[in-house]
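Note that subunit A is present in both complexes that follow, paired respectively with subunit B and with subunit C.
Let's turn to the complex of A and B:
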């Protein structure tokens, strides 16, 4: 059994990797690519070049300008519990602070004399002052990096303008995003416009076209920005190495290998750690489902048993008809009707229309009570249940049919089994046969069913959560998809697929416990 | 084979089925008459073999005796089933619960599926014991162990341990082991055997072979000391050696406990070896009822004759086998019956109209008739039969069986 478990658990790793890779590729293949959700809306900014620079900065920040495989590898490295390289630090708020990123060198150094590399040396402070200093350096480095990335973009745009002004064959060297692709100019003299001779850097503006002058100016700016950004980065790195915060997770070998909990990154769309979002959404969905599933099982299983015992009788026909009727009502319609009739003040108005809590939630006591004036206060618990009534209703009503039919079919299968005849020949009463022989055997397929439904608890039921504006996993997933928030989608996929696989394993273990014929050796 | 010497048994019979008719609902079509007037008796210590082809009503007769026919679609049209002076058909379900398993036990054809896969063997035997006996859990376990012992489930374990002991003794003689080891083993042997037995009790059926499962079924059926055992093709699913073991086991248990057995089979070899009285059935009716010796010596009804002739022999393997139809579709065969000149014609549903005798009006055309002393044959109900009523089919004979190597 232990060997089996270990093998199954190990097999889960490639499975989860495969699932996340698939999702990653699908996100990458979607129109606009991985960063589509980040596309800055140009309307607010007057200057289109500013928009482009902002875009360039965001792409740099989230690593979107790398090939898909590299991005996926980076994601895996973050999620993988074993980390290599410089150990991240953990701030008191639990935020993971990785080592400041390497700065890409300015492009086209063969054409524009690159600024010389340099080493910054300085002694960081210690104690609380170090934290302050590091934070400041971090901000500084990020700001300068932003300027630098923007200047690279400006340089490329200038280059593109220059190329466009020259016409063929240069236009083929523009990249699809509008800038020029520096790699495509490696074999060509850059200033080779038809009207001028090769430019000398000291020849100032003589013979130089206006566009080429702009390119040169942009390159100068870019090199300056690089020097500043590089200096800030080096300072921040030195401060980082002085460890203003403790190392995150468990360091196995300092700055080489460490073990840490998965880091799902920051959601693009909300600029908040993904894990925070999941942490708030997951309990909501779990709560709804933990109420809904027992209701489904407690209603459907006994009904199915009753229907099979009185096969063809009134209970069988009525439950079959009624449950199938419910099953055929779309959740969307039922939800709208529930809100329209049960929650609407113009009709019954028994239930709240949306949300999970009353607006006065913060001032509520947990349990209901009656105050001195005799007024009754429902308290937080009842308020939550009251809000949950309609969503749970919408979640459960469609589930009865499948489960009760499954129970009924499974029971009927077992009723005609030979061992039931044996039990009857032994003199076991019909009631005991139903409960201890038939039901016991019929429950086995229901185990599989339950575990099959289990991952749905995490996925949340998108429709119900949308209709009743409940901030659960379903809402989170659909929002992540709408905004193409890669980090959120991947984290959700990762969670749901891991839990599904664990649930399947749990089903197999439960099955082995319930059915002596199944054994894993 | 066995030497035959008939010893009369004291009346009354253990089980007496009279004119039983059972039919099943067939949806839109007419009801299917599975059993149409079966009469038979079983005396203590007697084995009644019920023989016939598939669908002739053997199992339905046994199941009706146990009241295990689902109603609907099944329905008992008429008849009585007397057991211990009571008509089982008139008993309530609650009263039947006590009889099922307690006084009448039943074993089935499919040992592989007849045990509940999710309960241990011990649980299933104990369930039967607790239902019918007021015993403490410890006593029930003892009863279960004894029942399993009786069906010989532990024999392989015991013999293995004994072989170990013998091997160890040989080693001691050869100087390879010390005498202390032998003493240790001898001392712990009963304990170890008991431990293994208890372990078997907590085993699940899927770990057992078909023959072993059938033994468990028998142990379960016999744990409550029933006086009548209905064995519905107990060996059909088993291979020949296991079949012989199981039948030997049944007759051994029968001798020790004096219970009556209804042995349902379509294997005439099984009948010849194990039964006292044979009852041949066709189409829901008994066509011949006689002691096994008489039946095998001189089958009378054309169907029985056809049945016997369709057994393949070694010699005539190259020629085409006689089929039942060859015999019963031949009108000449019907004239072979004794007293044929009196107007007694064996009943056969497909006998052409021109060959049928003139029938007595108003009754059903079939009757079980004592054609010779202690021989009953199913015949057409002619005016002669109406005028000369016969005894009901009841044979209390037992044949003395040769005791073959019992434990």
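Let's turn to the complex of A and C:
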């Protein structure tokens, strides 16, 4: 059993990775791609090139420009508990601070030699002054990086303009959006370069076309920005190495290997840590499902038993008919009816329309009570149940049919089994046969169905959540996909797939426990 | 057999579980109550502090004979006398403290107190100034934060709010503003020039804070200088009219409070929102230690009256914003009294009024056009599609003909149930930038046919379809976003209208995220969309200038017009409002003549508001919940 468990658990790792990679690829390769939700609608910003530079910066910040596989790999590295490379630091507010990122190289170095690499040395301060210093350097590095990324963008724009002025065949190499990827212009004729013209004050622009002069100017700007950004980055890195904050997690070998809790990152569509989002959405969905599933079981299983015992009788036909009828009512319709009639004061008005709690919930007591004037107060518990009534109803009614039919079928299977005939022949009472022999054996297939509720809990019910405005997992998953939020999609997929796999494993173990015929060796 | 798991055991376990869960829930509830108590404690502490401050001021006042800065009279005195803050030689515009546009106090039934609940369709992701980006967050933010100025609800002119006076450089390179000495943040701290400087340079300007959008709009800002405690000066790189917007409409944040938090805490916060407005967040952390007190999505947003407000306080006690995502659910909530205001859709608005004769006895049904109304349009590809072939729409005559072939009056009647007015151009009809004399192009298939013939498109072989000289049929692709009944109906109408005129239309529904791509790639013949609005005038450069045909620009129709470019450049640099409006009207005329878009409809604001609230006025800026009051006059039962 133990070896079996270990084998299954180890197999889960590649399976989960495979699932997350698949889902991520599908979303990333769909039109729009990752980060489509980040697209900026303008109308307010005055300068087109500035908007483009801002987008370039956002893409750089969230790493959207990297190949899909690289983005995925970076995510794996963050989720994996074993970390390699420079250890992140943890600020007092719990923020993980990674080492300042390397700058992307200035493009088109064959035409415009990059500024020489240099090394900054300085002695960072210590103690509290170091924290202040590091914060300032961090801010500086980020600001200069932004300028640099913007200047790269401006350079590419200038290059695109120059290419356009050259005409065919060069223009056909431009991106569909009109941008120029420097890699495609390796063989671009370099206009007479400034070094060949006589050294005069304004010689720098002599003998050049106007557009090429602009490319040169942009390159110069870019290199200047690079130098400044690189210097700021190195300073920030030196201060970082001096450890203004303690290391995050457990360091095994300093700045080589460390162990840290998985970091699901920040959802860029909402700018909040993914874990926070899941932490608020998950309990809501769990609560609803934990109420709904017992109800389904408590109604469907006895009905199924009854239907099988009185096979073909009125109870069988009626329950079958009624449950199938319910099964075929779409949830959307049921939800609208529930709101329109059950919640509407013009009709019945028994239930609240939306949400999980009353407006005054924060001041409610937990249990109901009657005050001095005899007025009855619902209390928080009843209020919550009252709010949950309609969503749970919508979640429950469709589930009866499948489970009761399943119970009925498996009961009938067992009724015709040899052991039942033997029991009958021995003179065992009918009640004992049904309850202790047939029912117990018929519940085995229900185990498989039972574990299915765990992934369902994580996935949430999109429709019910939307109709009744419940901030659960369903809305979160849908939103993640609609906005193409990389972190949120990956974290959700990761959780849903690992919980599904664990649930399947649990089902197998439960089989072994309940059924002596099943054993894993 | 002894260890058999019986029914009794099952129920025992169930009971045990129920008890455990109840205990846990009661504990969480307990903590929440404690949080509520905590916020009361914070508030008490705040009041004590304020009390102490007042005491000190009174004492100081007695000692030195300086008038105490409270009440209306001393403030007025402060405004007239001292101009030491101003630059000499430049006119000063003075403002009194903000007052309600319509004073509620004189209206019958006026009472103080009560809660107003606005129902949103979707949850704002966060309520942090400059970092939040959705329309819902902005609506909450506008109640809590104040800027140096704002648009007057009746005249749409820029008036001072936090500023009691300002000077604008006639050359447009600097603006100097003086902050009203009475202005206080909701925790009682004074609003100072340093707060303004900090907001611009160290909050928006801090690259570690994810306010990238706000940062980009302020590109023209060179620096912000503190002149004295109450005076601040903005310097700009270029003289653009948008400079006044940059300086006056951005909310001023309290430096002493926000600087307690790390940038990463501000980035990931959901409800760090403090300002000097008439309402404030019910729960606010006092610092990083109890940062969890802040509002989080998934719960109602509650604003309470800012008792420390420095000018006239609002009548209502509380504003609540709750989310109901289902359309019917919103209406039922309003009828049940769980909400006080909803935003109905156009079909819902008319349907409710038609079906329910008594509805208007209990609710105001408001419909009006204001400065925040956007317009919808069909954009024609005036340049090469995706950098390849030209579409028939490169010819302005064809574009005009397309507009004339669409009966926009009927579209509004049939598609939007008669709600809306025909749009004539990019300027908001309420704005002085729009020329009232300019009329939209008429619906006239005959004129359209003539124009098309002039442009070379006529039925040459008698098959009922237009061809050009080369014999190519007039055909184009109409792109629209999936997922809305309105856009489907619009697509059908467009197809029918053009097919009748002998133009072949293929429709192409695409997903919204793909839409953005198509716009960026300029990969469409005709595409339908809408532009929103939030100010009486906005900079037209991003949409209409030929420079904006480049990537990052919103001129996705690739419409290039030298006249328009010149007018845009002229208008942007024109600091005098009256002159500028004339320029914008000329621009509007150029766009109307060229028709890069077929302007379809200006969507009015629609609101259902509970009649139990008084002083609900339809302003040119929208609604002013600060002026609402819960009426003491009973409303007929509904």
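Quick notes
Here, the second predicted complex is superposed on the first by the 497 of 521 C-alpha atoms of A that agree within 3 Å, B and C clash if a C-alpha of one lies under 4 Å from a C-alpha of the other, contacts with A are read in each partner's own complex, and residues count from 1 in each chain.
Quick note on the criterion: a residue touches a chain if its C-beta (ideal position, glycine included) is under 8 Å from a C-beta of that chain, and two chains touch if they have at least 3 such contacts.
Computed from a predicted model, the values in this text were never measured in an experiment.
Taken together in the superposed arrangement on subunit A, subunit B and subunit C fit without clashing. Contact with neither subunit B nor subunit C is seen for A:298 once the two complexes are overlaid on the shared chain.
Of the two partner chains placed by the overlay, only subunit C lies in contact with A:273; subunit B stays clear of it.
When the two structures are aligned on the shared chain, A:259 is found in touch with neither subunit B nor subunit C.
More residues of subunit A are in touch with C than with the other of subunit B and subunit C.
Applying the stated contact rule after C-alpha superposition, one finds that A:136 touches neither subunit B nor subunit C. The three-chain arrangement built by superposing both structures on chain A places subunit B and subunit C 140° apart around the Cα centre of subunit A, to the nearest 10.
Contacts of A:318 after superposition: neither subunit B nor subunit C is touched.
Contacts of A:31 after superposition on the shared chain: subunit C is touched, whereas subunit B is not. In the superposition on chain A, contact of A:6 is made with neither subunit B nor subunit C.
Within the superposed three-chain model, A:69 lies out of touch with both subunit B and subunit C [touch as defined at top]. Applying the stated contact rule after C-alpha superposition, one finds that A:335 touches subunit C and leaves subunit B untouched. With chain A fitted onto itself, subunit B and subunit C come no nearer than 7 Å, counting C-alpha atoms only. Put simply, subunit B touches subunit A in their complex at residues 66, 68, 93, 97-102, 105-106, 108, 110, 113-120, 127-128, 131-132, 204, 206, 217, 220-221.
Considering their complex, residues 30-32, 36-37, 39-55, 57-58, 61, 91, 93, 95, 138-139, 142-143, 145-146, 157, 174, 176-179, 266, 269-273, 276, 280-281, 284, 335-336, 339-340, 343-346, 349, 352-355, 359, 362-364, 366-367, 380-381, 466-469, 471, 482, 484 of subunit A touch subunit C. Residues 417-419, 421-430, 437, 440-441, 444, 514-517 of subunit A are the ones that touch subunit B when the two sit in their complex. Residues of subunit C touching subunit A in their complex: 22, 25-26, 29-30, 32-33, 35-36, 117, 123, 125-126, 131, 206-208, 210, 212-213, 215-217, 219-220, 240, 242, 262-265, 267-268, 270, 288, 296-298, 300, 320, 322-326, 328-329, 332-333, 335-338, 386-387, 510-511, 513-514, 516-517, 520-521, 523, 531-532, 538-539, 541-543, 545, 547-548, 550-554, 572.
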